[in-house]
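Okay, handing you the structure first.
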Amino acid sequence: MLRSNPGLALCILIALAAICFALFSGDPYYVQVVIWVFANAVLAVTLRFVLLIGELNIATAAFFGIGAYATAVASTIYDLPFFISLLAAPVIAGLVSALFGWITLRTKGPYFLLISFAFTEIVRLFYTKSEFLGGNSGMIGMFPPMVLNDYYPAIAITLLAAILFGLYLTERSNLGRVFKAIQNNEDIPRSVGLNVIGLKILCFVIASTAVGLAGGVHAYTNSVIAPADFTFFVAVLALAYVKIGGEGHIIGPIIGAATLTLAGQFLHSFGPYENIFYGAIIIGVLLLMPGGIIGLGKGFIGSSTVRRDPH
Amino acid sequence: MELQVQLLMNTLQIGSVYVLFALGLTLIFGVMKIVNFAHGTFFTAAALIVSSVMIWGVGTMGLSIWFSYLLAFFLALVVVCLIGFVVYIFGFQYFLKDLNGSFILSIGLLLLLNGTFLILYGGVPRSIPDVIPGNVSFLGASLTLQRLVLMIVASVITLGLYILVHRTKLGLSLRAVAEDQEAAMLQGIPFRRVALYGFLIGATLAACAGALMATVTPVTTVIGDDFLVKAFIIIIIGGLGSVLGAILGGLLIALIESFGGYYFDPSTATLAMFVLVVVLLIVRPQGILGHAEK
Amino acid sequence: MTSSETTMHSSDTGTAAGKVLLKAERLERKFGGLTAVADFSFELREGEILGLIGPNGAGKSTTFNLISGFMPPTSGQLFFLDENITSKNATYISRKGLIRTFQHESLLSEMSVADNIIIATTHRLKTTAARQEKMRKIAGLTGLENYLDVPAGSLPHGLQRMLSIAIALAAEPKVLCLDEPLTGLQGVEVSAALDLFEMIRSKLGITILLVEHNMRAVMRICDRILVLNHGRLLAAGTPEEVSQNELVIEAYLGHKK
């Protein structure tokens, strides 16, 4: 599999290199940035994963937050062990997403988009009003156990890379093919005995569980979380990563996340110009290079397999 | 009784602005089949223009408050229309009926315009002087005259839009395109031009809402964003593309907000709106008045 | 009034077909105030090719949507393999073995021919090898074996029609409902398609319900024909009987006297 797929081999190499960097680099700031790149890549890839069935899922941001809060509650309020607290993130995110998906995925297109948006903002509002969850100031004190402290960055990157790899394999499996079929024309899979609504919910739950786990990792990485970390803007940035990297292949959002996260490190001091920068880049890419960075790459190679967006 | 009347007056006043805002969104969706996340920036732009023109007119030029406000209102509509025209020509016209593409574009615009507003206006909220001072009382409830006039103006604009959509030739084209774009084109309706008109009317409605709202609330550069979530809930409830749905949905949401906000608190009211949406989705996925997609 | 007469009439004309697979009883569907199908009863018997014809807007596509579970009937009953399927959804009905094709957008245009067929095997077959094997077999039957990697949307029109049938076959139907499968086909392609239908019936043992505009083809291949007009059954019988029925002639030729 690796021999026939040099791109995949390269990705695994990069992930391994990142893990080694986290283990042996002495600079916590750069290690932190590497974790951010991977966490943002998971956000972008899960957003794209639901795009496979054709739905734009703003609630990616909500489930990232639900995972983070689940881990924070398990770890700081119930004092559960590290790995159990971490496991709480995908479990809770998965359960909530199953219920949310079951209710909302009967709708599609604009309705689903708007409901996932409203859900994200409402969940955030709920955090701010809940004293149990620390209200506006959020929750603090999620620390990995002392013994693991030195290894935590490596563990975090390993988990996030594993999520990316798992989503890649799922997309390549027959399940991924079925998801794409639903996006293409859902009447066809329905007419040949596939439970389209059930499959949509499955796709949504897989993505939400994955991004939930990333949220749990985020909680331990930052040690502090607050409602303001999980606005719909998180999903907007994820969308920017997807668009800039290119949505034709799973590697696109990963490249997009890496590029913009690194660029973002230089932009934090720019205040309002940061928004202008993101806005301009989203519009510019959308209008001038609809295939994103990987679209450009394929254009140079002259490959005929570039999937045109039906714009 | 007095309290209920007071809350009902609040409902009508907030509701009338919600309706204007949601009508624009729903109209743009109906004609172009896109969701405009930058709709709040039209609202914000108008409110900002009104506040700065008022400050300039009354403070610097010594014009009367009345005249300044009318001038500001007019300028706000013109500028927002212009912004609408520019973003349509350079952006939205390439994404007609492309939900995901237009969403991304509108998000980009939202970031770009919000950032620009912040640079131009700074983060400090500004209030404008009362255009119409005085109070009225009605069945024991009191209301500033300004809010009463706002309500009346908003209702007149809503009525005007209703007549435009249901009684004029342009309205017929808008409805035909919303119903079935291909069939409308076969009937010789110029889809792209109608889409542009629909977009501009929608932007103008948001500008009206913003210009009216600026008279009763302090203006900030993110004032429109607060309206966005509620407007989305309104059009989900009312059915995307439905004019009557937006009107009823806007009033319903305002009702929940003012009564729920009084008896419980504003956040509970917002949560209640979302619960309402969820219940509604289970029962009727296409909205109160929306018709099934298929 | 005429409908009850003609249904009675149709039961006399029964060919040597087997047991009833699909039965509709007084099927009705309204859209708002508009009645698309009304009081429509018929039986589909094992091993036959039953034609469903009628002028545009007669309710043929609505009938397809009703029996395949894509749309619930306003009233009436549907039975498939002795089970009441009136309130069942499309997934359930297709799993039970009633597979329909579509008149428009009848395939996954952005996916390869092979993927189109494999999707349809997904529910029945659980291993990649089994799906591949089935896909190759079906592609061979429908003349698509040389186009497996081609995106379905860029196939020539005739082959797109074949692919929509291949998709349906891959789902292993007991009853195959074809919605205007001959539209846009050229002369040679039409006879090849008819040969394929005949083969599907005789070799694969699949019963066929055929909606089609091409009257000559319908007359040639169908054992029995139902004629719909304004959502109601106008006539039923063998091709010969139907083609001589005055009501049918009038419905098709209009009010030319």
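Some notes on this structure:
Letters A, B and C mark the chains as written, and numbering starts fresh at 1 in each.
To be clear about the criterion, a residue touches a chain if its C-beta (ideal position, glycine included) is under 8 Å from a C-beta of that chain, and two chains touch if they have at least 3 such contacts.
Quick caveat: nothing in here was measured; it's all calculated off a predicted structure.
Common neighbours of chain A and chain C, by the contact definition above: there are none.
Contact counts per chain pair peak at A-B.
Taking each chain's centre as the mean of its C-alpha atoms, chain A lies 44 Å from chain C.
For the pair chain B and chain C, the distance between mean C-alpha positions equals 49 Å. Centre-to-centre spacing of chain A and chain B amounts to 32 Å, using the average Cα coordinate of each chain. Interface residues of chain C, counted against chain A in their complex, comprise 68, 70, 90-91, 94-95, 99-102, 105-111, 115-116, 118-120, 122-124, 128, 131, 167-168, 170-171.
The part of chain B that touches chain A in the complex is made up of residues 29, 33, 35, 90-91, 94-95, 98-101, 103-105, 107-116, 118-119, 229, 232-233, 235-236, 240, 267-268, 270-271, 274, 277-278, 281-282, 285. Residues 174, 177-178, 180-181, 184-185, 187-196, 307 of chain A touch chain C in their complex.
On the side of chain A, the complex with chain B involves touching residues 51, 56, 103-104, 106-107, 109-111, 113-115, 117-119, 121-122, 125-126, 128-129, 236, 239, 243, 271-276, 278-283, 286-287, 309-311.
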